[in-house]
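Everything on this sheet refers to the single structure shown next.
Which chain is which? They are A, B and C, in the order written, and residues in each are numbered from 1.
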Amino acid sequence: MDINTKLLKKNAFRVTKKRGMTASRVRVPGGHLEAIYLPLLQNIAETYGNGTVHITSRQGFEIPGIAFENMPQVNELLQPIIEGLDINQQVPGKGYSAAGTRNVVACIGNRVCPYACYDTTGFAQRIEKAIFPNDLHFKIALTGCPNDCAKVRMHDFGIMGMTEPQYNIDRCVNCGACVKVCKKKSVGALQEVNYKVKRNADKCIGCGECVLACPTRAWTRGKQKLYRFTLFGRTGKKNPRLGEDFIKWVDEDSIIKIILNTYDYVDSYIDPAAPGGKEHIGYIVDRTGFEEFLTWAMKDVQLPEIAEVYTPIYWKGVKY
Amino acid sequence: MGFYFTKDGMNAVLKRLMDEYLVYAPIRMIGGGAFSDTNSVRYGQISKISDIIFNQKSEYSFKEILLPLSQTLFFFTEDQVKEAEAPKKGAIIFLRSCDLHAVKRLDEIYLRNGFEDYYYKRLRENVKFILLGCQNPFENCFCVDMQTNTIDTYDASIEQAGDGYVMDNHCNAWESLLSSHCLNQQDVQPSHVTETGVHVKIPDGLSIDAANSKMWDEYDDRCINCGRCNFVCPTCTCFTMQDIFYTDNGKVGERRRVAASCMVDGYTDVAGGGSYRKKNGQRMRFRVLHKVYDYKERFGYHMCVGCGRCDDICPEYISFSHCINKLESVVKEVGDNNA
Amino acid sequence: MHNEYMPYLSEIKEVIKHTDIEYTFRITYEGAVKPGQFFEVSIPKYGEAPISVSGINNGIIDLTIRRVGKVTNEVFERYVGDKLFLRGPYGNGFDVENYKNKELVIVAGGTGLSPVRGVVEYFSEHPQEVKKLILIAGFKTPKDILFLEDFERWNKKAEVILTVDQAEEDSTYQVGLVTEYIPKLSLKNVEEAVAVVVGPPAMMRFTTQKLLKTGFLEQNIWISQERKMSCGIGKCGHCKVNDTYICLDGPVFNFTKGR
């Protein structure tokens, strides 16, 4: 059997333990899909796979037990899913056009969760549209609020929803609910002063607990959607580490721009000899220096006034 | 006299009324909900008729206009006090039948129970009420059982009718303004609901012994004493006085009052660390029996007007109407215990 | 239109220090007031506190204040010639008519003495208007005794039992709880006798129980209730108990209602 494993991998299949057998990986940007696609997955698994489906750690599906020779048929069956989930594709009917840039992960977000500060799936899909297909090994995750259920700090780009609490002093009756909840569940950024509440904006992490706790709507959510944006967290062998804060109170457009700029940066600086074309961005930044990265990343970016950029950034983590 | 208005006609009327009045109605606050990307219908000032949300219940009631959540009473220096000024204009409030019944409850406390309340009165005297007719009940409404589904003490009533509006007017001063902008005059009866999805039965034979029931214990854990039920209620009237001094000029300050809730910690705290009704179930009992028992003992009619807002808002899904309906068995329970 | 929330100024004429934390402020007030009624005393920027009148005298009233917090601390910083803001008087107060021509027993615990002090004064000045006047006043320790000078005066007109909960061994005071003296009272007809009880909640509870046990009738017992108050005029709701507003209908209640 002659199979180009490089092309197979690029097409979102994988080399498995069992010779001659592959598995198909289905990306679901934002981790949310209409239920009508589930029978299609079932059909692929039952027709060409071994009748099972794995839910991946990146919120996709992996259908194992597929014989290499059935890849074209599987790709055909994947077509309605690729189209239905609005995945960018180079050649229709030929499956996924790349696999390096991984599925964009998101917690359930404000379609369901009361804590979420935005529609995580919607934003994930927007990012997917902007970056896919691409062979570079980028991992992006979005989470609705600073609870970080999606563990975004373990990704190259972590996007955490925030809300800038708006205080209507005339509606405040000093019941103390916000001060108490901020202290107990969050960072203690609120303080009672003169029977009203003062917010320490530096301390505030925009979790929105005060808004949720307020019984009179003295606290409401800011109109603009703003985020905490973290950089270059990673798991893996050499130096697993958490992503560090890059920008607090950043907007969607800037996030997308910075991610796209980072693709250009990596394209220019990646070690051409990196095994499998995979070099984690963090190591590239170590090589070029953070300033160089920053110059590339911030090209043409117009941050909102409120944004706070943390620079330079130092990463910690476990070193082996 | 009744009138039919086109949208433009109605807006022309509103425009004229705004010379004299601040006009308040339930409006949609975009992004005003507690959760992200949710709106909230609340009272606010309107500038045109289409600002009014006719087909939803307001989350918080109109009472915030007559009893602001936070109201400055006067300003002071070391030994002088200066009364806070009243709004220069009067106000028009668009509200439903249950809420207009609630006005009677506010009046009871603020105009009659003991001294007349100066700050309430000076607002109240200059308020006109326009009734929003109800064609259908909303979720959790039980006005029919509380006998608050109809009322005729409005200054005017309004309802949507096709692309326009119908209005019944009781206010002589507005008669010529309305007739000059209407499309035609016609007989108008404000709609009212005659059946609601939720029913309540306040049992006869309820007495203060109901306080001793085990029924309240359930709420010790369920209720989080957040006070939302009080703050949204059109008939809750409690407040707390606060004195503050301005941080930039310590010699000057103000005395104000802010809405208070009998569910929230601190409501009964007295010197020496004492407090009454420590458990949430006891607070629930205090609130519920006030609404449907002891207020009536004092004033002759029930306090609750059946708007259902407390049910709508409770984050813990504690239903007030459901609780009322448990009182029947409470009467039996405490009766058996006493026997 | 009258604005009942607007306070008026009153001048401090004399300050009598009973204990470290209890002073009587003699201040100016022109107008009718009854013992058991209270004023909302305020100091701008600090707030208001309901305080009972403890003495009434031609254009002067006494307020006996215990220093416990924001407002009361600040009042203690004031001295003769300084001003306080007042509004009131509020509440029903004691109606001396209810006690005339009766055997009257007044039981007071601690600062509870201040609201009834006016009643004691009235009947010690008009002894012919009661059949008998007995005052049982209890304090924690000798250091806590209020109105010590008054007791000497009252002693001449009434049967006065001054007792403390605890004292040094060589103390000249009687030691014991007020409740201990109730069964020993020498009354001609306990069923017709009237009693007034004012003090901390627990003391009032035990005392009324004891009175009932001794033969007093419920309708002949009067108590004064304290609750958190914010307005004093039936608006704020804080003082409400069932269908009763303590600030309007009380603070003095017949036991049949105030229980």
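Rule of thumb we're sticking to: contacts are C-beta pairs under 8 Å (C-beta built on N, C-alpha and C of every residue); 3 or more make two chains touch, one makes a residue touch a chain.
Because the structure is a prediction, the values reported are computed rather than measured.
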{"item": "Highest-count interface - the chain pair sharing the most C-beta contacts", "value": "B-C"}
{"item": "Chain centroid nearest the full-protein CA centroid", "value": "B"}
{"item": "Approximate Å spacing (C-alpha centroids) for the pair chain A, chain C", "value": "69"}
{"item": "Chain centre separation (chain A, chain B; CA means) in Å", "value": "45"}
{"item": "Separation of mean Cα positions, chain C and chain B [Å, integer]", "value": "39"}
{"item": "Touching two or more other chains - residue numbers and ranges from chain B", "value": "240, 242, 244-245, 260"}
{"item": "Sites on chain C at which at least two other chains make contact", "value": "none"}
{"item": "Of all residues in chain B, those that touch chain C in their complex", "value": "73-74, 76-79, 81, 83, 109-110, 113-119, 121-122, 208, 237-245, 250, 253, 255, 257, 260, 262, 267-272, 274, 276, 289-290, 294-295, 297-298"}
{"item": "Contact footprint of chain B on chain C as seen in their complex", "value": "1-7, 9, 42, 44-48, 66, 68-69, 83, 85, 201, 226-228, 230-231, 233-238, 240, 242-243, 245, 247-248"}
{"item": "In the complex with chain A, residue positions of chain B that touch it", "value": "29, 31-32, 34-37, 40, 42, 60, 68-70, 226-228, 231, 240, 242, 244-245, 247, 258-261, 264-266"}
{"item": "Chain A residues touching chain B - in the complex, by the definition given at the top", "value": "110, 114, 116-119, 161, 163, 169-177, 193-195, 208, 211-218, 220-221, 223"}
